[in-house]
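Below are the structure tokens for one structure; questions will follow.
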């Protein structure tokens, strides 16, 4: 039965979307999260324009990597093609979250990458959080949401960034996207991004001349959480 | 029975007023929302000075477009005449919300329009959010709240703004008014306005030289949500 | 029975103290509110150092205008003498609230009066919110809390301010005091003060050169709420 | 029975860790608190990487002053050695809290001590809140968390600071640590630190030239709460 086939994936996407609301990362219908199943090459995503409190696991839409809806009666999120491109380009990720959280949006609107000012950042990424260029006018005319995905992937390629070391990005003039090993982790990363953006902005209010954290501290914090000899957590 | 005639309208206004509180757009008795019935040419509005938790659907006051109370025992909001003018001038709107949300008030007090810094703004309006001039001393002496309505309508006329493309305004030194296709949508727009004002202020804290979003991105975001070929949501 | 004599007053003070917590005007044990009975010339005040969730109506301490505890087993708030002086100096007030709300404290620490930037302020006071000088070293040695009361009253006298038109003050380097026709109203005014201080700070972030509201708008907003022909509310 | 031996200590640590969450001093698994028993020379601390809502009193890990786990099946917090050093160096303290609260982190990331701008600060410490230097690269290679403890203790020695008069510190580029007479008091101090850091940042936004509070007011506020003739509270 096809329904049962996607049941777990839909539930994972549903829980992740609720978490966007719970973590105050978007108001009303804004934002969306998806969960990817690499074996079936499909992802479950929030339906377009529905308020979070009207969502159910059943309302999640199943879309394949060509952008075709393979299960569900509702239209998928208007940002679906951005998710689709990222699942194709960033091989191995299993969840994506897009929010309109205000501090992350502020950095995106100012078109500024977020420097690594402290260990909170270094615990989650070894480099500054990149901000893309504005999407071009041809790309907007062509296929806006698909091109947004390409813009993100292109930014990582051009700047030689590793999407497993920095699982967050700011799309200039728009807002944040985050990803991870699961839909839940992608929302976690979106919440971390908002907190890092808030801390970075407050840091510059205390001292506009603040310098980034020394490299050896960045490396240490990353390694103790994510390196080969990581000793954070119960693993 | 006259009570039943306005029952739905009063309930709509009641729910919208509660939403002002729920969305943290005003403290105590501040702020008010109204719901308009174009067929009957009357609107239901919050009674003056009552705390939100003492409101009931029955306490909403029904006022006609001459400002006359046609149903209800309480005095309507002191801002009633501003609503009255806007319903006359902005033909087609069916709800108005006035709040004292702090970021919108900050821009209003600074007498600055809010630039379109990002897609969150463009999703809800194609131009900067206008700020009126200070109301004149003659207008204050004459009929303050009525003249506030005229000031808003006049600002839109003078600047050739379309009130269906920008359904929000800042009254200089005072605060925000928003409107929409229903009372609920007017409160939604008031919440969006607060979020946009917060994001814009934070953006300028990241970079005071931030430039507005390119026109082609503004147009795209407006079109995908509100244009003829809109594809956002389930419609 | 002496217990019953002060029952209502203690309950009024108790409710006002809980409201300080509910309105997020102080954390932990910080802040205090009192309720004054002019006929008995006593006030009920929070006991010193008790967390808000341990308070009961019975725990409120009754103090007379000489500072003597006339009822209650607990020590009254360490700020009791400040309240005592204000009840003596500001004849007619029936409630006082002292908080450590962060935006009001910020203005107090910066030793800056809060300009009338908008109608939110004008609805509650016709002039800028005054900030005292630092209390003198002799006054600190003499009787700190009593002298704090004198400092507030002296600031109003020296600047020819009317304590019924401006029912709030910032004590330099310390924080806000507010008063009113009841303990409840004093806490309301403390919450208004925090909101005004937040709005004023944000306003200066939008434009550091912001000028105060024109006098005729200030006068209008005060008059419509508090003047002889006030028409705000249901009175 | 060894379980009962540490029961109270584990419960104290458990409650303190929950309070970190309740006071919004950290999101997700960030932050940790411990409770020290000087007689047994052991402390109970949060297990590494567990979300606050999965904690139980039983999950707290008991560690001795050599860093050895003496009771518990889980790995203790990755910051355990920092706690261990502080319990050895700051004789008499019985609780430590480490958080990632955003305003305290902002000052730590900007590497700035927090000046005594007001009585809220003076009520809890007589001097500015110190910020350490960046930890050195040799120390990071050697034993990062142990060296972080030494860095804190060394900062207090070098600057001749009294850890009972200032029970809070900012570790440069990282964040805050606070301590006290109990685990509960250490979390209280961490919350106070966040509030002081927020107030100080807002103060500088009102006036960047703000000067610290005069010494005689600082001394008075400290004395009335903590001096020999303290009269704050019910003691």
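Labels for the chains are A, B, C and D, by order of writing; each one numbers its residues from 1.
One rule holds in what follows: contacts are C-beta pairs under 8 Å (C-beta built on N, C-alpha and C of every residue); 3 or more make two chains touch, one makes a residue touch a chain.
From a predicted model like this one, the values you see are computed outputs, not experimental measurements.
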{"item": "Graph separation of chain A and chain C (steps between touching chains)", "value": "2"}
{"item": "Partner chains that chain B and chain D have in common", "value": "A, C"}
{"item": "Interface residue identity across copies chain A, chain B - same or different by half", "value": "different"}
{"item": "Most distant chain from chain A by Cα centroid", "value": "C"}
{"item": "Between chain C and its twin chain D, rotation from the CA superposition, multiple of 5 degrees", "value": "90"}
{"item": "Interchain centroid distance [CA atoms averaged], chain B/chain C, Å", "value": "33"}
{"item": "Where chain B touches two or more other chains, by residue", "value": "204-205"}
{"item": "Of chain B, residues touching chain C in the complex", "value": "27-28, 30, 47-50, 74-75, 78, 100, 102-103, 105-112, 134-135, 137, 140-141, 144, 173-175, 201, 204-205"}
{"item": "Contact set on chain C toward chain B in their complex", "value": "117-120, 188, 191-192, 195, 198-200, 202-207, 210, 213-214, 216-217, 220, 224, 231-234"}
